[in-house]
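A short write-up of the structure that comes next.
Think of it as A, B, C and D in the order they're written, each chain with its own count starting at 1.
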Amino acid sequence: MRAAFSDSAKVAAMLQAEAALARAQAECGITPEALAPAIDRITPEDLDLPGIGEGTALAGVPVIAFVKMARALLPGDLAAHFHKGATTQDILDTAQVLQMALGLAALRSDLATTVGGLERLAREHLRTPCIGRTYGQHAAPVTFGFKAAIWRRGILDVTERLPAVRARVLLASLGGPVGTLASLGQDGPRVAAGYARHLGLGAAPVTWHTRRAGVVEMGCWLAMLIGALAKFATDVAHLASTEVGEVAEPFTPGRGGSSAMPHKRNPVSATVILATHGAAPGHLAALVSAMAAAHERPAGAWHAEWHALPQLFGLASGALREAARLADGLLVDAGRMAENLAMTRGLIFADAAVACLSAHVGREAAEAAVARAAEAVRAGRIDLLHALKGDRALPESVRAELDGAFEIGPAVDAAALWAELGLRGDHGEPDAAPGA
Amino acid sequence: MRAAFSDSAKVAAMLQAEAALARAQAECGITPEALAPAIDRITPEDLDLPGIGEGTALAGVPVIAFVKMARALLPGDLAAHFHKGATTQDILDTAQVLQMALGLAALRSDLATTVGGLERLAREHLRTPCIGRTYGQHAAPVTFGFKAAIWRRGILDVTERLPAVRARVLLASLGGPVGTLASLGQDGPRVAAGYARHLGLGAAPVTWHTRRAGVVEMGCWLAMLIGALAKFATDVAHLASTEVGEVAEPFTPGRGGSSAMPHKRNPVSATVILATHGAAPGHLAALVSAMAAAHERPAGAWHAEWHALPQLFGLASGALREAARLADGLLVDAGRMAENLAMTRGLIFADAAVACLSAHVGREAAEAAVARAAEAVRAGRIDLLHALKGDRALPESVRAELDGAFEIGPAVDAAALWAELGLRGDHGEPDAAPGA
Amino acid sequence: MRAAFSDSAKVAAMLQAEAALARAQAECGITPEALAPAIDRITPEDLDLPGIGEGTALAGVPVIAFVKMARALLPGDLAAHFHKGATTQDILDTAQVLQMALGLAALRSDLATTVGGLERLAREHLRTPCIGRTYGQHAAPVTFGFKAAIWRRGILDVTERLPAVRARVLLASLGGPVGTLASLGQDGPRVAAGYARHLGLGAAPVTWHTRRAGVVEMGCWLAMLIGALAKFATDVAHLASTEVGEVAEPFTPGRGGSSAMPHKRNPVSATVILATHGAAPGHLAALVSAMAAAHERPAGAWHAEWHALPQLFGLASGALREAARLADGLLVDAGRMAENLAMTRGLIFADAAVACLSAHVGREAAEAAVARAAEAVRAGRIDLLHALKGDRALPESVRAELDGAFEIGPAVDAAALWAELGLRGDHGEPDAAPGA
Amino acid sequence: MRAAFSDSAKVAAMLQAEAALARAQAECGITPEALAPAIDRITPEDLDLPGIGEGTALAGVPVIAFVKMARALLPGDLAAHFHKGATTQDILDTAQVLQMALGLAALRSDLATTVGGLERLAREHLRTPCIGRTYGQHAAPVTFGFKAAIWRRGILDVTERLPAVRARVLLASLGGPVGTLASLGQDGPRVAAGYARHLGLGAAPVTWHTRRAGVVEMGCWLAMLIGALAKFATDVAHLASTEVGEVAEPFTPGRGGSSAMPHKRNPVSATVILATHGAAPGHLAALVSAMAAAHERPAGAWHAEWHALPQLFGLASGALREAARLADGLLVDAGRMAENLAMTRGLIFADAAVACLSAHVGREAAEAAVARAAEAVRAGRIDLLHALKGDRALPESVRAELDGAFEIGPAVDAAALWAELGLRGDHGEPDAAPGA
């Protein structure tokens, strides 16, 4: 990801944009055929990157210094045709879109590992019982495979949106000084279409210099990806906590240690993901603010994007690398899950017990009986089943039927059923999604 | 919009969800056929709304009090079947989705007025010359119709995304206590599908209790809409400023006045839109933060959505109402636009002058000549054309040709061409989009 | 808090500002003495609040309608003097400052309860051993009193900042149309000073119409308060979780229940606090954005504050009410704390064991021995002390000394020592702070 | 600023923290006297910075690798005493505080230039008439010196807060693994006090590992500084716009140019400042979110600060560098200001005209006359004074008095008066503030 958003990558993308422009203009007979191949031969290394940096500090944008340097590298008869009709924002926006495409491609492998790893976990533990928790409290049993299926689907929720995002967002930008490509006259639309085609990008119906929904949508996609990974990380960090102990991050010597506590094994990957999630929302907010772009080019709103968008790519990439590591190697302790299920001595079956009793004594009496019994469970060391069986207020025949309500089988069946539906309900190829 | 998110609307939506649940369960033979019609007969007025409010303060969620009150209104044999298998979040999330659908429908009319008004402005002023501004500086001519076409397309960028957003976001929620609908067993998926069908909503492959990308996407859509309106408002506020004076907000007696300055006509609509845009990004950020939803239901993350999402609907609605007013009645002063175009005494044609001269004396000499002339323009009161014509360093024949470079026709042609492309390039029915 | 920011409270504050203005002007002989008392006699009920609302929708600000209505209630000779020299923003900003003062006062009681409750908890449990957790992992022992002292001090960190915030932020606003009070001429500064004095507010050296650091500071103080409460709530929610069980929220029948799971006791107060914390940062961000206030009054930036600041007061108030409830009635289970301390079978004393062994066999050998033993603890059911005592590689004399390293006393002493320092180190009167 | 937050600066600060720890412990007889000087001799260059980077990727924090490398550079008998009793967060938080102090010092020079430049502008143009604008509309006259005084005071509003911020925020951190410095026993407080003293930092009454209000306050101060600069930049960008033309950014050849429009002089400094302001609020929001720091050290919340805080310093530094450039060299066009004042043909004196007429014909008749006249001004080319003088409905004697109402003198006097008050009302030494 660092490579996709390096200074060198930016300049390479700018050269690519200029070459496509030359190519499209040559097709209209506006520039010499030789210009595009000559631009192709320039590499970022041929340009003075620190000099472009200084030029940026001076002019506020890198393009002026860039154009000057690039022209100096071209034969005199071609130099004058370089960058013809284009404006700074055309080249920078297009370069950023090309970098976004690279950035999305750079996510592909870790995304496939993450989704694949979670699918494997979901299938392996489809029927491994595990407590479901709401508000941090034991609620009712699920399975660990169900949880993994939810994590995976939460990520797919986001990746499935990507093809549509790509189609709307990965557009070439070519509008000239005020968006009308006036110096190209009637050739404007044809040049703009060719430019986009040569770059493998979509073409906007009219300049998007100050229509920035696409940039927000890209940022929102990245923030949603980080958010989906943060859901996974939140659960892992809690499941790995000492009192819960149901999972552990894959162990590497030296990882998760503490400078003061040699026995510690901190959840490093989850921590990194949650830190990126803390930083992401603010960057998306900055992109939304930047939509109020004055007239044909704003003073500041556009430039704020240069800070926020690359950072979101960096955060997403960092979070995803850790998620892949987690999904690939998460250690699952089914024994501990079973122990934890027993922790409330049957209270997690209270609902089922009410249902069972209701059929015989009515809902109200059933609820009252279970409430009484639950009180006893909380107070002492008896479990709910035996508390109910010992309740003389209930008919003996009913009490005999109670065992069924305390069987975990139905909960496991339901969790496995939905986990499979979650695994099946894919609307896209996870590993093909981001870079396709 | 206020109606869509009132307490009464929420309770109505909750009743609608419960009725759909009853209907779906009746189809599976789980609840009596009579339950759904009985629920249909309950109205929000039948329930004690302040009592539900007190119940919410006590329990943290409104559903417990709601269920108790609704049961009390049902015949005893039906009451026990009410809310069967569902959990609080099922009813609240589904109700919120139904309110979102109402909220989107409530935007429809103002959206159509806005897009339609801007289209009319674009067509009327397709060839009305107007300066293009970048960084607040006069850059090169466009037309006012081009500007209106960009505003309109910026809004359509967002509305065109809505059908896809609707399809992904307007989903029924039914997962039961921990997302597995365990008490319904193998009937779960069938009940969930029927529930969604009766509500006219989509069905999620598996519970979205803690998969919240949809909520973020809805929020992002609203923020993008506000952002697109803010671009429009930013331009209007500036164009309406005293020094520019190219447009004025539609005048209503008493509007935009000042308590201290009776002569003032403040841009009220633009102000309101920009104020909503200041508030929107933070709400979207809150929704992204809320994606880190622990386990089967989090303590706080979900509840933060209750604050942010309705507010975003309210902000969008308020912004859109003012945008419609603006688009419908904006007063355009073409004479002032012409005066402003003349303000730099030809500097806005510097680019064209360079192009014209380059053909004869080479680019370098051309740029130098124009720079010299521009200096003279800035210093004194001469205009660029005459400064160049008076430049003895240029061959006389060339000077004679310069007039063409200072004609506005080509800029107007280009602007009109692209404006038409922008008007034509619709991928959806603007007025049908939001509520369809 | 709702009362402090109601429409009626706003109008009352506006009347208060106008009366102070009249009083200050009367002192300079600019308005009749009778004006101020006449304004004092007007109450919000005398004005048509819905009419002011309609006027706001029309004019963008409430002041024009307000001034008209108030004038109509005054004798003709006084009416013309009402609102003299002032502008809309003077009255609205001053009213908002008065409401902020009311809002701060409204926090006082819950703040005192919270800080007092936490102090009581800290003193009661000064030496109640409890595990310290880092990254969700058991780290080393502290005491519950130490934790409560940290919560309390985290809140005091914020409240101690309040007197300085009040002094800088609670300023009267009086600048007239463009901040120069020009219509009052040389009397301007004297009137402005008197106006502030009559309101019990500070006076700015020059208009703060477009200097908004104070509003941001107020918002940041509220966000920090919510943040400090969220630290408390985060810990409580986790300590109350089923696996940890060291605290419980105070129980009220019906509170924290679940519509589907009658046995649940959800942490409602912590949930509410965490939800407010999810919403708060975005509002603060909006206030920072609003600092870019153009010229003498901006179109939109100022108005965005009207959304964000009252919401932050509302969120803070809601969070604080729940924090007071928690601090006042938190149920502490010292037995469960002791059980949890034993959970890692001595690993939390690994550090102490290394220190003890180092003195005899060198740090490296000590660390190696403890690492071996820790592995055995994790693998089986032995505890760390016995694993080390059974390590034949260590000299027997050393092994005999190990017991001391596994005593909890020193950790409790240290925690109690620091808790007392934390309790002592007050730089302000907590209960007097907010409203004083 | 880059230097203050470089990897090398971080490691240097970490070494400084460790040396202070050694020194404080030596005073208590816990470590050898020789340790601190030995640490002093280690420089960041002696350590393998890329290796620390790899260690960070592995362990999640840099301290473990850092401690290992530093120990390897110390004599064996001292090595074991290095980092004694401290935990990772102690060293990182303290290092960050030291870097914050460096960062604040790095702002000093540009801050002094900015405040000084604005003071010079204010004094030079104390009586240079200039229109005051509200909602983008001409309102009433002020002076340019008044505007500069407001910009300066807006920045001082923030810098005056700095001494208090420094006192609360620049605290050493030393708490050991769980905040109780348990391994130091009763020596803990004395070591912590000495540690702070040797670093020239304040000492917290008890660990601030999870009390993060100080970090938020630092971030808020930076955001407010950026906000105050953004107010300045907003005004400059508008005043420099073609239609207004009252100021220009200081000109440097090549600055503010356009790749397509050689005649452009874009406001580069204002653009950079506004771009930083777009990015800042989100980082502050992230810091507020991070306050919910679980237990004795959170998994993620703390780490999110590492992203946000250095970025805020970088943004503030970049904005301030441009503000200094602007304040130092802003070009002011008093002639253009005079032209603009005349633009509304007297409407900006409408208020004064009403006041003048009221004394003779009553307020109602006066307002009606001015409204009629203003209509004529807007419609045609007459100015307000002559429109009123031509109004036969007004007594001739009154018309004769009107000239006074159209004199700019009183407005200039009032603006100059308040500007001087604004310049005088300093509560701190601007140039001494940030680094003192």
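The working rule: contacts are C-beta pairs under 8 Å (C-beta built on N, C-alpha and C of every residue); 3 or more make two chains touch, one makes a residue touch a chain.
This structure is a prediction, so every number in the text was calculated from the model and none was measured.
*Asks:* Would you say C-D or A-C is joined by more C-beta pairs in contact?
*Replies:* C-D
*Asks:* Rounded to a whole Å, what is the gap between the Cα centroids of subunit A and subunit C?
*Replies:* 32
*Asks:* From the C-alpha centre of subunit C to that of subunit D, how far is it in Å?
*Replies:* Subunit C and subunit D have C-alpha centres separated by 24 Å.
*Asks:* At which residue positions does subunit D touch at least two other chains?
*Replies:* Residue numbers touching two or more other chains: 133-136, 139-140, 177, 233, 237-238, 256, 258, 260-261, 266-267, 271, 274, 277, 281-282, 284-286, 289, 299, 351.
*Asks:* Make each chain a node and each touching pair an edge, then name the shape: line, ring, star, complete, other.
*Replies:* complete
*Asks:* Where on subunit B is subunit D touching in the complex?
*Replies:* Subunit B residues touching subunit D: 131, 133-140, 237-238, 240-244, 256, 258, 260-267, 271, 281-282, 285, 289, 340, 343-344, 347-348, 350-351, 354, 367, 370-371, 374.
*Asks:* List the residues on subunit B that touch subunit C in their complex, please.
*Replies:* 55, 58-61, 63-64, 67, 83, 85-88, 91, 176-177, 233, 237, 252, 254-261, 266-268, 270-279, 281-286, 289-290, 299-301, 303-304, 306-308, 315
*Asks:* Could you please specify the touching residues of subunit C with respect to subunit D in the complex?
*Replies:* 80, 132-136, 139-142, 146-147, 149-150, 153-154, 157-158, 161, 164, 168, 177-186, 188-189, 205-207, 210-214, 216-217, 220, 223-224, 226-228, 230-231, 233-235, 238, 274, 277, 280-282, 284-286, 288-289, 291-299, 351-352, 355, 358, 363, 410-411, 413-415, 417-419, 421-422, 424-425
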